[in-house]
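The following blocks contain the structures, represented as structure tokens.
Note that chain A is present in both complexes that follow, paired respectively with chain B and with chain C.
Right, the complex of A and B next:
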């Protein structure tokens, strides 16, 4: 199957709808096509895209001089298509995509909150990322808004946020968070329940908004890579890689093969560490502490080895523009393979216990089901999507180096319950271990890093990386002086948080924690 | 016997036994935690940790929510007091103590019910969603657990022709080791009730931090300082009471029937060994099992009730007149 064999049909369909949109390859080395759309046609393009079974993979705005550019990233059969349009800053209005793509909902609200873009016919007018600390007329991501913020008076209470209310006898409301009992990130959940059954769950996120997009502005490439590594601490490798990929594409360079192989090595290590932690934590949420301690132990050993070999437990700041900041010593390769062998052995025993434990099965099977239909319409990928029949994996469907030379297996299940999300993780750990051995066996010699050009002027690039949570899309634009003008990392959590709202429907209240843990969305990656 | 009942020494012993309940309860909790930790390849906290925790809580300031009433303040004392009284009527070291006169199983159930009544009210008093949720779940569990508890002990009472715990234990000792199907069923029923009533896995998880899944912990979520210490102490006492109940009713051997130092020492060693073994069994069960879904809890307790009823039936059918 050749790349983009569906694009001519798509363009013809647009022409039928009398939409003229020039199409060409995206700038730099970004492996995508770019379609420049008139703002008035923005909504109609979405209607054609949905009839083509495209998936909305990202949506972001970018202020340039007197206008705001809007980007929408679509994906079909592993091919990425970027839509771009421009609206004047004085009147930034364009049709909403949410009617066709439910996954666009929060991304559009995010763009509206931070840039002041007005999406007409958007079904939800409530603020999302921009909480009440900002006045109604302040849009923090606009260039006239200072990065340090404006000193305001006391933040008004957020009591006014109108949650969807259920009425009737016996219906009650449970507010949970934003501060939780465990050491986890902040987020508010509002349940409507009858007895123990959940009628509706509404999330309220944004408590972890750090202004990452704003403070990225003005950085150089090394500074941006460091910042990207902190978008979500547990995905530091994946986010740093996606940002570096975008910058390298903007600069038109490719890191040396050894650097790319080492990046993949780090990314797979991150995937394994997080999956191990998650599997244990999911079991712990149903009171099966044995698994928590066993998997925590394995994860701890794994992370200590990361610290020994690469100098950081979480591998933060190891991925740098142009390659990686660390090299693997010659005897490290041997000891890593021994690590993998030992971990496989331990996991065989533990996975057998988990797969064949009646009391665990009773809790995880059929709990928190996400139908394939919901997963598709919400664009949920990663382990959430793979457990609900969505087999997309960037490493497999649009492979980037070094995965283009490897066969990445993608575990897909149809059940969509918590048990399936655990099984995807177990399979992915096994697959990642194989990939790691494969990477070590074919580890190229040579440099690990190539110098970035000193000046990357007025260039943009998009990075596509499969993090452990799923597909990460990162947009970077440099201004005329080679400084970052726009950075938008689209974490997979944008599409798994809405899935959680559907997952818990019809479940009982005490099963929410395990559903939540099985999705494990990143608050930080989403709130930005 | 009659003079003993009224002698100050016997009363003193009864008091010592009550104090022993109080002092040993945290140790049993610590023991279960310790064994669990070992089973999970952890070192675990030292056995004195619950004492330190209680000491710490007593030293801390007690925060009380503005929305609460006086009931919220009174509840910890009532809950702790009633549990302590319940402990006083259960034969720990010796039978035929002066407290044996009120050592009735119905009294015991009554003390538990009193404590629970105030515990659930206190849970709802602060008006938070979690407290109310915990209270409603507690009632769901206890509504089924209480009859099962009574049924199980009635089975024994029918054999011993008395609902007095002391008499039941004494009868068991006299009769010697007789395998009765009714006892087996009653034991199973009582174990299941004990697990549910003391908030252990698979019904409740005492170690969880997840507010939405809690039963007992959700009710005491608003408590702090000495109030929390009392509530925690009461929970530890309850675990101890159920442990002693199971040990001494079904396996009474070793308990002192006369008040000589040697007999009492033997009684102490015996109950320590029995509770230690029971603690290990509980820890093993909690390690190999995951928590049930909440709506499975009634099924679990129905099973307890079924066992207890089977015990009664098998007593009537097989053992009466035999």
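Right, the complex of A and C next:
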């Protein structure tokens, strides 16, 4: 199957709908096609795209002088199609995509809160990312808004968000958060329940909004990589890689093969560390402390090796523009191989126990089901999508170096329950171990880093990387002075948080923690 | 079940395995913490962790304090679910403006005597995020801070050392 073999049909379909849109390759060597659309046709293009079974993979705005450019990234069969349109700053209005793509809902509300874009016919007029840090009439991502903001007093509590209400005999409401009982990130959950059963869950996020997109503006490439590495601390390698990939595409360079292989090595290490932690924590949420003990032990051993060989337990700031900031000595390679062998052995025994433990089965099977249909319409990614029949994985479907020379297996299950999300993680740990061995065996010699050009002027690039939570898409644009003018990292959590609202329906309130942990959305990566 | 028991038996208690360098340091730090907790808090220190804007990196390392290698509870330090049960707040992140009010409320809900530990570079000085329209920067811009633990994120042993400092210096207020 060749790339984009569906595109001519898609363009013909647009023509049938009398939409003329010039199409060409996206700038900066980004593996996407660019389709420039008239703002008035924006909604109709979405209606054609949904009939073509495209997936909405990202949506963001970018102010350029008197205009706001809007981008919508679609994906089909591993091919990325970037839609772009422009609306005047004085009247930034265009049709919403949410009617066709429910996954566009929060991304559009985010663009509205931060850039003041008005999406007509959007089904939800409520704010999303904005709480009380700035007024409704201000838009932080506009160039006339100062990064320091205008508030000089304490930020008030956000009290008036109009949550959905349920009424009736025996219906009650449980507000949870933003500060939770455990050691986790802040967010608010509003449950409507009858007895033990959840009737509805509504999420209220945005508590961790710390202006990442705004404070990125004016940075150089190294500074942006550092910031990207802190979009979501558990995905520091993947986010830094996606940002660096976008910047390298904008600059027209590619890191040396050894640098790319080491990036993949770090990314697979990050995947394994997080999956190990999650598997233990999910089991612990149903009272199986044995697994928490064992998997947090394995995770700790893994992190200590990361600190020893790469200088950081979470591998922060190891991915840098142009390559990586660390190299791997040959005896490091040997100890890694031995680690992989030992971990495989441990996991064989432990996974056998997890897969054949009646009390775990009783609690995880059929709990928190996400149907394949919901997963598809919400664009769910990573282990959430893969557990519900959505087998998309950038490393497999649109492989970037060094994965373009490897075969990445993608585990897909249909059950969509917590057990399936655990099983995807178990499979992915095994697959990543194989990939790691393969990377070590074929580790190219040479430099690990290439210098970035000192001036990347007025260029843009998009990065596509498979993080441990799923596909990350990052857009970067440089201004005329070579400084970052726009940075938008789209974490996969944008599409798994809405899935959680459906997953818990009909489950009992006490199962919310295990459902939530099985999804493990990033609050920070979403709130930006 | 036999396999579980077998695995537990064979894994053993990791905190008692012969120490390598970092383990011995852990032991030394931990015993010192224990001694001070005994003296000041009657043997237990209850911590309420608050993520006020962190990227989640610090949370991962705080979790690691509870893993079998560090097992911080053996020193009498435990994490509690409510500020009303807490002796200390362990705050991470730059304080996002959207968390500012919640953080103040958590502080007010914590009974005195209490102290505040800022964990991680962001909590200490704003870190990578600093002060902006969306971020208040360091925790001390919002709450009185008694102890700062630097690091991005601080490793579990750094956190333990910081707790030691907290017990030494932070509990004078009433």
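Keep this in mind: the second predicted complex is superposed on the first by the 522 of 528 C-alpha atoms of A that agree within 3 Å, B and C clash if a C-alpha of one lies under 4 Å from a C-alpha of the other, contacts with A are read in each partner's own complex, and residues count from 1 in each chain.
Simple rule for what comes next: a residue touches a chain if its C-beta (ideal position, glycine included) is under 8 Å from a C-beta of that chain, and two chains touch if they have at least 3 such contacts.
What you see is a predicted model; the values in this text were computed from it and never measured.
Asks: Examine A:390 and indicate which partner it touches, taking first as chain B and second as chain C; both and neither are also allowed.
Replies: neither
Asks: First (chain B), second (chain C), both or neither: which does A:181 touch?
Replies: both
Asks: Is A:286 in contact with chain B, with chain C, with both, or with neither (first, second, both, neither)?
Replies: first
Asks: In the overlay, answer first, second, both or neither for which of chain B and chain C A:432 touches.
Replies: Neither: A:432 stays clear of chain B and chain C.
Asks: Answer with first, second, both or neither: which of chain B and chain C does A:96 touch in the superposed model?
Replies: A:96: touches no partner chain.
Asks: Classify the contacts of A:172 with the two partner chains as first (chain B alone), second (chain C alone), both, or neither.
Replies: Only chain B is touched by A:172; chain C is not.
Asks: Let me test your reading of the model: by the given contact rule, A:146 touches which partner, first (chain B), second (chain C), both or neither?
Replies: The answer is second: A:146 touches chain C but not chain B.
Asks: Which partner, chain B or chain C, is in contact with more residues of chain A?
Replies: Larger number of chain A residues touched: C.
Asks: Per the contact definition in the header, classify A:294: touching chain B only (first), chain C only (second), both, or neither.
Replies: both
Asks: Which holds for A:221: it touches chain B only (first), chain C only (second), both, or neither?
Replies: neither
Asks: Which residues form the common part of the chain A surface touched by chain B and by chain C?
Replies: Shared contact residues on chain A: 181-182, 290, 293-294, 297, 357.
Asks: Could you list, by residue number, the parts of chain C that touch chain A in their complex?
Replies: Of all residues in chain C, those touching chain A are 3-4, 7-8, 11, 14, 49-64, 66-70, 79, 81-83, 93-94, 96-102, 104-106, 127-136, 152-153, 155.
Asks: Touching chain A in the complex: which residues of chain B?
Replies: Within the complex, chain B contacts chain A at residues 36, 39-42, 129-130, 132-133, 201-202, 205, 207-213, 287-296.
Asks: Mind listing the chain A positions that touch chain B in their complex?
Replies: So the residues of chain A touching chain B come out as 172-176, 180-182, 196, 283, 285-290, 293-294, 297, 357, 359-360, 362-363, 367, 508-513.
Asks: Can you list the residues on chain A that touch chain C in the complex?
Replies: 131-134, 140, 145-151, 154-158, 178-179, 181-186, 206-212, 214-215, 226-227, 230-234, 236, 277, 290, 293-294, 296-297, 299-300, 303, 307, 313-314, 316, 349-350, 352-353, 357, 522-524, 527
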